[in-house]
Every structure is written in C-alpha cells, then in structure tokens.
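These notes open a run of structures that come right after.
Next come two complexes built around chain A: one with chain B, the other with chain C.
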Partner chain A sequence: MSRCKIFILVSLILKKQNERSAMNPMPGVSFTAPPPPPPIPQGVELVLEASDQWKIQEIGYDGVEKYIKPETFTDNVGKLARKIDWMKIVGSDVPTNSTNELDDENVEKKTKPSEDLVVPEVGPWSFVAKQLHESLQQLNVLLDNLNIAKNTDYMKPLTVLDPISNFETNAEMINIGKGTQWIWKRRAIQEAASVLENAGKQRQRAASSLGLSDEYMSHMQRTQFFEELKEMRDFWRVRKTGDRIYGDLSYNIFGTKYETHTLFDINRRNVGKNETSNESILEVSVPKDLTRRTMLNVSIIKDEVQSGNMYSSGNDEHEIYLKNCGVKEKDKFVHWKDALKWAQNTLFCRDTFNNLCKDAIKLRNRLSVIRDNVLLISLFDDYLLRVELKFYPFEKGELEEEGDKYLNRILRELVVSFECTKFLRPQMFTSSAITHLPESLDMRGSMAYSADEIKIKAIKPKTLLERLLDMAGHYHLVNLTGKIVEKCASQTRDPCLTHRWVQSGRKLSKLTVYMSSKDYEPVLGSMRNAFNVDVTTDCVIVESKEGVKMICHRDPEQIMYSFNYCVCTYSISLISLLAKNMWTTPFHTLHANIHALDDEGKPAPNLILCNQDATQSVLFVFRVGKEPEIRIRKFVVNDATMKPEEHKWRKLNYEKLAGSTLCRKVDVLLAFLRDAP
Partner chain B sequence: MGISWVLEVDQSVKSVERLLETNGAEKIGPFTVDVTPYIPTAQHSIDIPQNYVVHHTKFPQTTFSIIPGENFKKSPKAVCDRGFDLILSKMRNGTTPDLHGKIEISGGEYRLEDFVVRVGTAVQGTTVKGIVVEVDFEPCAVVAQCKELMTEFIKTIFAKYADNRPDIFNSNEGPQNYTPLDTMWQYVTIVSKLRKKT
Partner chain C sequence: MERRLAGLCDPGSEDFHEHEMSFSLRTGVNMSPDVSIKIRRRFKPDIVFHNQWLFRYIGVPEPDAKCPVIVRKVINSICYSQDCMTFAKTLGLRMDYEYMAKGKLWTKGNIKIATNILSRTERPGQYDPASIKPVSDSVLVEISCALPESAEYTMAAKQIRDFADQLMPLVCMEKVDYWRKYCSTGTVASQLGPIPVPPM
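Showing the complex of A and B:
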C-alpha cells in the first residue's frame, strides 16, 4: 500500500511537472523527459508467515507473551492413564506382588531368604502371623500408591467431595431394586390373599353344606395328609425331592443318612369318597427285605446232649419268613407308625447280628458256629452264648420275648450307646485339631504322665461281641453264685447264713455273707463274722474273714467248699470266744490252728481247750462240709518230765450232745467239763 | 509315680552297666534327658531371668521349665506339654536357646525288680562332661517312706555316693508327694555343675 501511495504521488508530481512544462516552457531550463511510469501489477498480494507457533497462554501487561508448552510424551501417557479405571481391570483380590506373567522371561527370580516370611506351621500364633502379614501387604500397597501419587502424574488423589462414578450406578440399582421389590412383595401378598380367600370360601361352604361336598372332602384329606406328615416328621427323617416324598429308616446319628437301601416312600392313599375310616391317609412303602418283624434273642446254653437242637428254635412257621420276604397280605392294613417301627427294628437287629458274626470270625481264640441265623460262641467251659435272629410276620400282635431278658436288653443297650458315642471331639482350649484320644489323656503333658501311664489310660476299643461275652459271663456267674449261697444257707443251720449284694455291676459284683449264731451275739461281741465273694467276668473269688483268698474259677462245688470252709473257721473263733467269755472260770485255749490239714490233706481247722483246773482238755476238729468232731481226754502232767502225757482221745457223739445248735452243745459240754476231775 | 535319685558318678558307663547286670538288672531300652538353657536377649537381660527347659523320655509328652533360684522351693517351675517349646520359639526376641550350653544325657535304662536305673553320658556339643545315673524307685510316691530303702540301694551299688543325698531326701517336712519336677531339679543342679567342669 505504501508503495502504491508513493507511486501515485510520484506520478502525480510528474504529471504536474509535465503540465507545467508544457504550459510554460521556461527559458533556459531544459528537463529530460521523465521515464515512463512503471506498469501497475496484476494478481493477489501474498504474505508468508510461519504457521507452527506456540499458542499464547497470556500476554503480560509488560508485553511479555507466555506460551502454552505442548505436551510431552509422558504427559500424554499420564493423561490417558488417569482416565483408566484400574480396579476394574486388575480386580480387588489379586495380590500386589508382581506375578510370573508380568516378569520378563529373562529375569532370574531371586529366592529371598525365607526365614522372616515363613508362617509357622503349628502353634497358636500362626493366625496372628498371617493377619500381620496381610496387614503388612496392605500397608505396602498404600505406600506404593502414595509414592506414585507424589512422584508421578499417573495418579492424582481425589478430594473428599469429588463425585465417584460408582455412586451413580449404585443409586440406579437401588432405584431399580426398590421397584422390583415392591412388585415382588405385592405379588407374594396377592398369592397369600388368594389362598386365604380360598380357605375362607371352603370354610363357608363347609359350614353351610354340612361338610360332605367333594371339595370339602379333598380339603380335609389334604389337611389330614399334612398333619400326619408333620407327625411323622417328629420321629422320622423325611425329605422331599421334586415330587417324591421319602424318609430314612437308618438309626445312626453320625454317618451317612438317606442311603438307598434304607429309604421308604410316602404317598397319599387313594381313599374313596364315602370312606370315613380312622385309618391313616399316609401310605408308606418300606423296602421289601424289611417287611417283617424281628427279634434278637440272646441266651446262655450248656453244650450237652440234653440241649437238643441248638440251631432251630422249633418253630416251623417262621421258617417261611426266612425265605420269602414279602408282604403277602396286602389287604391287611398296617399303620405307618407300626410299619416304620418294625422295619427299623428289623434293620437294627439284622445289622447287629451281622456285626456280631463279623466279630466272631475275628475272635480266633473262641470257637464259634454260625448257621440258620443263629450264632453260637463258646463262653467258657461247657457254656455257649447263643444269639438268634428270629423273624415274625409283619402283623400286629404281641411277640413273645425269648432268650434271656437281661442279655437281650444289654445287647440292645450296647449297640445304642455305641451309635450315640462321638469318637472325634474338638479340643476346647485352643482351636486345635480334632482328636480321637479319650478325655482322660487331655492333661498328659501338664500332669507329667509317664509313658506307661499314657498307655494304660488310652482306651483300647473292645468289639461288641467281646463286651457282650464279658457281660454274659458275669451274669451267668452271678446267678450261679446266688444259687450256691442260697443252697448253702439252707443247708447250714448253725451258724445262720445271710447274704447281701454289696456291689452289682455289669462286669464286677461283690457279695458279703454274714454268719450269725442265734442267742449268742452278745457273747461274741465284735468278732468278725462276714466273708466276701468277688464275682468277675470269668471267675469267682471267695475271701474268708482272715483274708485268705480262694480262687474258685467257675466250679460250683469249689465255691460251696469255700463257703463251708469259711463256716468252719468261723466256728473255731466262735468256740474259743465262747470258752473265754461265758465263764467266770474260763477255758484256756491250748492250741488253735485254722490252717490245719487232716490226713488227706484237706483243710480241717482245729482247737484244743483246757479247763481252769487243768484236768480235762477238749479237741474240736471242723472238717469242711461235715459235722464237727469233738474229743476229750484227761489232762495230766507227768511230774518227772514236766510235760503233758499223751492219753487217748475219746470221741464224743455230736448228735447225742444236748443242745440244738453248736453253741448250745458246746455250752453244755463245757459246763460238764468245767469241774470234771 | 516313682522317686528318683540323680547322681554323677566317676566310673565309665560300661562299668556301671556291668555292675547292674551282675546284680540281676535287665536292659529295657534307651533314655534321653536334655537340659537347654534359655538366655534373655540384651534388651531384656534385667526383666527376664535365665531358665532351663528339660525334656525326659519317661515323660514323653511333657516339657519342664525351671528358673534356678536358691533352693527348690524358691525357684519358679512349670510343667507343660510339648507346645511350650513352640511358644518359646515365638518369644525369640526376649529369650533365645543357648544351643552351645545344651547338655544331653543319653544312655540305657535297666530294670531291677522295682528299681529302674538310668545310666547316661552327659554331652555338651561334642564334649563329654560326665556320667549321670538316675535311680528310680517306681512303687513309692512319698519320700519319707522310702528314703532309707533308696539309701541302702545306693550303698550296695554305688557305695561312695550314698552319703551325698539330694536335698529332698534330707528334708523333714512331713509326707509330701514327690513330683517329677523334683527329679528335674536334681538334673538341673547336676548339669550346672557339669557345665562349669571342662
């Protein structure tokens, strides 16, 4: 523009000069003609500038321009990184340690010395150590986050008031949830209302139409069905899968339940319209092999010819039930309460019998025979324990209890208590592992039990059959001892025997037998007059009042002999006390020997008394089981040798002595001899 | 159950064993007793005293811990199950086991009627420190009832040591039950004497 202006100015000036010169040629001034004006250019004006300039952020008042620096590569990455939602990608439960996939393949993994990081295997502090380790990890994560936030631009901490996008989605979900919740609630209440309406209508109709309509009947049946089902659930395990309702006949508390062979189905019985029977509406179908009644009979029999056939119990009818097990009489109705009870009892008895047979096979040192559902096992000597599994028809009726009532009950009780015992128990003090050791061993460390004590206190489990045999053996011996004591008491009139069971257990019992002499108790004072009998599972031990233990094993004759021996020793003490206490001039005991033996080597306690004047001596010999022998002789001391002379003993006839009991006879005799010359 | 008299003898293990066998004893098995001192760390040397942890094969599930004081009554003692060792290992910052000072007595057990005699060599690291014999009279539990019998037994087998009775044998306090801790106390006293020997 300026050049143009200059040009135009120049051209105007020249023009004016030309005009002047043309008009007034001045004398003497000659101008050369000015050059012709250049041509005016055609086209567009162009201006060239650099286009890549930093943007101006601001221009200061002093004219300084501040530019916005363009982003470097790291800034760009930082900006992009801030946009990523890391928690979604990584997940919250991945450990913060770098995993194998992220490491380079060529980097060797350094194995750190693991002493500080190993969690101890046992001990009460392992849980604490684990928690501490986890919190350490969390702290490390926090530290890393702070480091990153402080030193780099990849993460920027938010302030508290910054909105987090999560809240928005939660709010939406809650909104949706509320709506659907209301809809669900309304639907549920509508359904319940319809049911109640239905029931109300039924009741109205029932009240109006005297309750014989079809609908009412079906409603009543349904109610009855559910009530009976509820009743059944009180006693039996009942389950429903899909359309099928079934129950469990097994009797175990710990262990698998609902095994296929013990299941029974529950159905509704098709009752006719007009049937108003009182029978149950539930129909139960029990497994076929359990549709019979069973009894498990235990008894002790002697292995001799008179026992007859020990296998069969002589009843032919029940043999049918051994072979055909099925409910033949289907038209006979068995109420489910009875049916289930009988079926479970059959299962129980059958399982118990099988266990006993398995135990019998394991016991190598006892002979046993199993045949026809009868188990015979040797108890001791000639006696056998007989266990029989007997079947009866699946009908109502009283079953006669065979076998020994006590043994039947014991067997049942043993099995039931085994089922109820929990063999694994948790340690209560610290949450340690479960243990199978008995409670008596819990303090073995802190009470310093020695190795022997620990072995003794550790309970060794005995099989069912062994325990049953112990108890049966003891039971048999107790009965035997009781019979012998009564027999002895009835045979021995003087002294009089009474007995008392001091301890009565399943494996050990104690009996005390008291001997008394009528009318002479005040004379005897506090003399020991009782002896004890211990009955264990396989032995009877008689302990006399002097402490002599006589092991009688299981021989009834030996037991009787021991009782009579105790009576003899009692008689000796009795007579010597009588002689001393009854008289102001008492008889002296010259010799007394409880352990004396006679010519045959059998015990024959004896006693020699001498009167106050030393003129007569009396000898009492008590042979076991026989009447006492009384002999007398003169007591003469030889002046020369100063020793008593051995005169002949004269035997007295015990029967002819005056007096009804030993005490009275002795009393009378001593009265005679007191002053005899 | 059982009263023990622990003594240190001069004879060799073989000679003691031969002596017992000639008297009719039968070997019934091995035995080990180990006594480990636990030393407090530097920061806790004032609060935590030194304690001895003893194990004995007669009491396989038990650990004994004794802090030796002036006499048996005044020393804190404890009987625990084997978990005690694991608890102590957690307290490594307070008290550490001195494995160089640990003394192990191992040998054989001999039974002579009611007496069980244990003869063992006391070893610290690789050095043999001495021979220790424990005479255990099993049926009795009250010292007053059997101290004369035990003295007589020791007189017949180890004549020269019969006069040096353990403290509990000399106390006249009346019939008190003997506990396994009394045995361990005797071991700890003997072991501390052995440690001072070279």
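Showing the complex of A and C:
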C-alpha cells in the first residue's frame, strides 16, 4: 500500500504591496499625488504540492513496497531539542545534580494529587472516605452513561417498527434488511385481511339470502369432509394411497391387516344444492358380501321331536333379506357409522361361524351337523348346542336378539379374548423360528426332556368351540341345579331350605343349601346345617354335611334324591339334639345310623331313643323323599327274657301327631312318652 | 424406525442381547472353509438361559432369480454346555469372527423382524462393558420367516417383500445377490447394512 500526504500551501504574494514599499524610499518628503487606482484583483495563487511522502525502504521480489514511517511532530521536536546547547542557556555554574533534584521534586509534586485519590484504609475517617470515593465513582459512571446516551446512538430506545429478534444475529439476519421485514409484515397482514374480508362477505351473503354461494357450500363441505374423516380415524383404520382413501374393516389385532376382502372405500358424496347438511358427507362402499346385518344366535335345545325344526327357520326376515339382496342402491343411504359397524359385525359373525364349523369338524368325539347356516353339535345326553348365523337386510332398526343372551355374549367374549391373545411367540434365541408352543418347551432338546415330559408340557389351548361347549354345558347345569333346588325347597316344608351361590364362574360354580327348623334354632345352637353342591362343566356333585360326595352327573332325579338324602341326615341330627335337651324332654340315644339301608337297599337313616326311666323306646326312620316313620315299643331290658308279643314296634301315624313341624311333633311325642309306663 | 415398526407389527416387542460367534471347519489344503457354524448365547442374567447355546448352520442361498428374497436352509439346535468353547475346539471348529447383537424383536404373524445394533469386543474373550465397542452407528434390520423344508415359499416371500417395502424411506431392504458377489469378488462376509434374510 502506498500512502502519501498532500499538504496544500497557500502563499499569497501581494505584488502591489511590495511595489509600494519600493517606491517610497524617503518617508519625510510628501507629494500630493492623485490616489492610486484600485488594484485589479488577480486571484490567489495556489501551489499544490505533496509536502511529504512516505519513503520507500525496499521493494520485495513479490512487488511489495515497504515504507519508512515519516517522523511525527514530537520526533522533530526531539531532534531539534538535541541541537540546543542547554549549558549556555542555564549557565555552567548550576550543578547537574540540581536538575535531577528539581526533576524529582516536580515528579513528586505531580504525583501528589494522585495520592489524594487513594482510599485511606486506616484511620477514623477511612469508612467515610471510602463511601465518598465510591459515590464519586458512581457519579463518574453515571456521567459517562449520560454522555454516551446523549452523544451516541448506542442507547437510543427502540420504536415499534424496529424489528425485535431473540436470535443471535448471523449472516442471514444481517442480510435481511428492514425493508424486507416491512414487506413480509405487510404481506402477512394483507393475507389475513383478505381471509377476514372473504369470510365476512360470505357470511353477509349467507345471512342476506338463503341461496348460498357454490364457493361457500364447497368450502363447508370440504370442512365437513375432513372433520368426518378425522372422526372416522378415531375408530377405524384409514389409509391413503395415491388419491384413494380407504379403510380396513378387519378386527384382528395380530397378523396381517388391510387384506383385500376387508377394505372399504371412502368417497365424498355429491350433495345437491338444496340438500340439507344433516346427513354425512362421507360415503363408504363396503364389500358387497358384507352389506347385510348379521346375528349369531347360540342356544341349547333338546334333541326330541317336540323341538321342531332345528335348522334355519326361513322366517320372514330371511325372506326380506333375500328379496333385498338385489337392491344395491339402498346401502348408499346408510350413515357410514352404521354401515361400518354392521359390516364389521357381519365379518366378525361370519368368521366366527366358520371357525366354529372348522372346530366342529375336527372334534371327533362329538357329533355335529352343519346345514343352512346352522351348526348343531351334541352337548351331552340329549342336549344339542345350536349356533345359527342369521342375516338381516342392511337397514336401520332394532334387531331382536334370538337364542340365549348369556351364551351369545359368552361367544363374543371368547372370540374377543382369542383375538387378544398372542399365540405366536419368538423362541429363546432370536434366530430361532417363531412358535406357538409353550415357553417351557424351548429347552426340550438341551435339557433332554423325555417324550412323556414333552407331551405333558405341550398343553394345547382349547379351541373356541371346546370352550364354548364347556361353558354352555356349565350354564345348562347351573340352570338345572337352580331349578331343582327351588323345587326341593318348595316341596320340603320341614326343614326349610334356603340356598346361596357361593361361587359363580364360567366353568365351576358352588351352591350352598342351608336347612333350618322354625322356632327351634336357639335349641340347635351351632349344629352344622348346610350342604354344598359343586357344578362343573358336565357334572353336579352334592357334598353332604358329613363330607359324603354324591356324583349326580346330569340327572335331575339323582340331584333331587341327593338333596332329600341330605335333608334326612339333617333330621336325624336334629332329633338327636332335641332329645338331649335336659330341660324339656331328656331322652337317651341308643342307636343312630345315617348310613343305614332298608330292605330294598335304599338309604334309610334311623335313630332309636329311650326315655330316662327306660320304659319306652322310640324309633325314627327317615326314607328319602318320604314322610318320617315313627315307631314305639316297650323298652327291652333283657333280650334273652323278653317276650316278642309284648315288645312289638307300633307305628304311629305321622300326620296325626300333634304339631305342624317335625320338631314340634317330636317334642310333643317325647313329652308324652317321657313318663309313660 | 421403532415407531414405524410399532405401527406395522403386532403389538409388543422383545428386547434381546446376544453374542454370536462364527466357527468354521477347515480340512482341505486350501484354507477355504468346508462348513461354518454360528454359535449363539444370550446375555441375560436369568438362570434359565445359563449355559444354553444355539448351534446354527446356514446353507448357501438358493439361486432363484425370480424370488424377491433370499432363501436359505437353516438347521438350528439348542444345546446345554458348561464349556462350549472346548466342545467346539474338540470338534475341530475354529472361530472366524464374533459380534454382539442388541436390539428388539418384533413379529407380524409368521414374519419376524429383528433390529440389531452390532458391537464387538476389543479384547477377545472379555465382554465387560469397557471393552465392547460399537461396530457402527447403523442398525441392522433382519426380516425373516421360517417355513418347513419342502414347503412352497413363494407366498411367504411375497409377504416379506411387501412388508419390507413399507419400511422404504427408512430402510432399503434389498435382495443381495450373494451368488454373483461371491463369484466376482470372492468374499461374502463384507456385507454391511440392512440385509433382508429370507424365508428359511
């Protein structure tokens, strides 16, 4: 770089003035002479020259010039000062040291004021001085700030128009000038204004006349379309490929989705101008084989002639459905919410029925018949499980639920639970294949399981139909047991029977039957007075209070008989307790056998009592389902010497005994016999 | 990637952390391996999986140009051994390479999807966290489906291909033509990145 300074020297040379001084050599002599004419202005002579230029020190091989920096004023003064002979001016007498002393004094004098500013750290006034010093500093800072604020642009307050950004200023931000931001803002405001203006116009137009503009209508329809699509996405799987929007009707959680036969298309319906917007703007086209409503009815029927037609009844609804099959336009008017729900229900019912049929074919120990969308499979004994797939037209309206409501619901629950279960799982190592076997079998090879162990551990999950049959069987037996208990309670007046379901499950339920004797409960105290009934999927087991289990299978008579037997054993215990009662009729129990059998081999629990005087014996025999048999005779003191004709058992008429209940009758009888000779 | 898989696959995934060693048996004069065996074990502090090893033989890919995925035969065998390395050495197997795979396993019906993050140890034989270093930042995605030996695999192959295509922007699942590569370059084990594993 080359730098040069150009100094402009202005030299004014007034020639006239020089001439005048040259023409007047004697100032004492004066002449009158005319005044000189005014000088003709000849301008100013300017001499422009560069007073000093930086001298070039050297020029490098690459062409770079190095300059010598010109001397400054101080350098010149210093240079000239060195030429002055100071000894001449000051005088040779002044010793050289004095100058040093003077200099030192001057220096000291100069430094003194700076010492004044030093904050005293000790002394009584040090704190005050410190405070004063600090306040002086604060004032200085304030003064500086004021100067800066007043004289410079640094601390000017921002106006509204100035852009405010929290971002760090980078190169891009710097480039965006104020003007650009102005344009942006204006454009954004203009757009917002146009939207508001447009909306205002549309609203005015809509309010002023009922004939809404096409633009407004299409806008409304578009909005409604997207709103409904959003609503649909809350419940259904919806996807878009290209321009096509479609959904999935499948209900499975695991496995493949969006299979071809379960897809439905979503379109925007063409709504006329005058049509009210209450109806949906969305139009779904479900697969044609699913455009029908379906019910899956499950019931238990008895296999006998009176059951009527077990197969499809071919009733009116079915005929209506068949007639309407040709009318395909009808489904267009169905709201998509209903249409999708019905179509999925049809798919669900159809798949379920197909699965049940497949399972039925695989079950080898049960007979089954599939005909006319009806599956009949033997439950047990004479009972059949009937599953019917029934179609209805794709129209609005309530469908009447047929079959057994509980079983219908059970079937649905089972299918849903199957769908929610992940049967396939990866094995112990990720590279092994996916399996449906239980986890305990992963190590069957490495742990060297035997064939039997593998067989035991390989528990196959029961099929849908097997589970349904189990639950249906249990349901049937529970109903049966409930009816028998009620019948038994109505028949047996003494003791009174009450029952309670202790456990109610899908495959196991427990019933407890309580027996009680009116007015005699305080006397009986803590006597065990209940028996249990277990209802499984294919069997009813009655357990008496003594712990005797009676397996009744599914025979109602057997169940009834078991109940009555339990009542008999209870009566035996009841009478023995009554006889022991000291303050009424103290009798002794000579013999009691609840496992006794009669001549025909049927159970006949019996009990023999004798009074305290040992004069009379009383025999009670309880035959199942019959009136108690009561006999009395004179007490046999010695078997060897007794005369049979004097000690005959005399049967008493139970009906004619005084009292309304068994306890009352026995009480009266024993009171009568207590003092009998 | 995980979100995409969660949307596509069956609900729920399983974490895994496994160690794979590739062994080979060399008997010939030229040192090309006769047969290679992969041995796997689980890093899981569960006593059930202790000393359980997976021996795996993977056959060569079947030269089927029309099939959209790679089809290979696989023999898996799980064994219990307290000293598997000695056993492998006794069999004459020599280790070629080893790696650790950690990731998640997803399923969709029969299809199995594994996302592996591979790592290797700096000091062979020591698998403490200090000496394990990641191989790369990439994730190896493996989609496979197991079929019986003589079963027709066209349908399953199409299913896998369809599924793999849905991961398209994230992972590009390509069929690697091992056969051609093997002939041209003479190396097989140089494939890195997502490789679809076919029905086996």
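One rule holds in what follows: the second predicted complex is superposed on the first by the 398 of 677 C-alpha atoms of A that agree within 3 Å, B and C clash if a C-alpha of one lies under 4 Å from a C-alpha of the other, contacts with A are read in each partner's own complex, and residues count from 1 in each chain.
Going forward, a contact is a pair of C-beta atoms (placed from the backbone, for glycine too) under 8 Å apart; a residue touches a chain by one contact, two chains touch by 3 or more.
Here the structure is a predicted model, which is why all the values come from computation and not from measurement.
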Touch count on chain A, higher of chain B and chain C: C
Touching partner for A:225 - first (chain B), second (chain C), both, neither: neither
Between chain B and chain C, whom does A:454 touch in the aligned arrangement: first, second, both, or neither? first
Could you tell me if A:422 is touching chain B, chain C, both of them or neither one (first, second, both, neither)? second
Touching A:123 in the superposition: chain B (first), chain C (second), both, neither? first
Is A:246 touching anything from chain B or chain C once the two structures are fitted on A? First, second, both or neither. neither
Is A:446 in contact with chain B, with chain C, with both, or with neither (first, second, both, neither)? both
Check the residue A:258 against both partner chains and state whether it touches chain B (first), chain C (second), both, or neither. neither
Hey, what residues of chain A end up touching chain B and chain C alike? 445-447
Sites on chain A touched by chain B in the complex: 120, 122-125, 444-451, 453-454
Touching residues on chain A, where the partner in the complex is chain C: 253-256, 422, 424-426, 428-434, 442-443, 445-447
Quick one: in the complex, what on chain C touches chain A? 10-12, 14, 16, 18, 38, 40, 42, 48-49, 52-54, 56, 76-80, 101, 105, 107-110, 112, 114, 146, 159, 200
Using the touch definition up top, name the residues of chain B that touch chain A in the complex. 1-2, 57-64, 79-83, 86-87, 89-90, 179-181
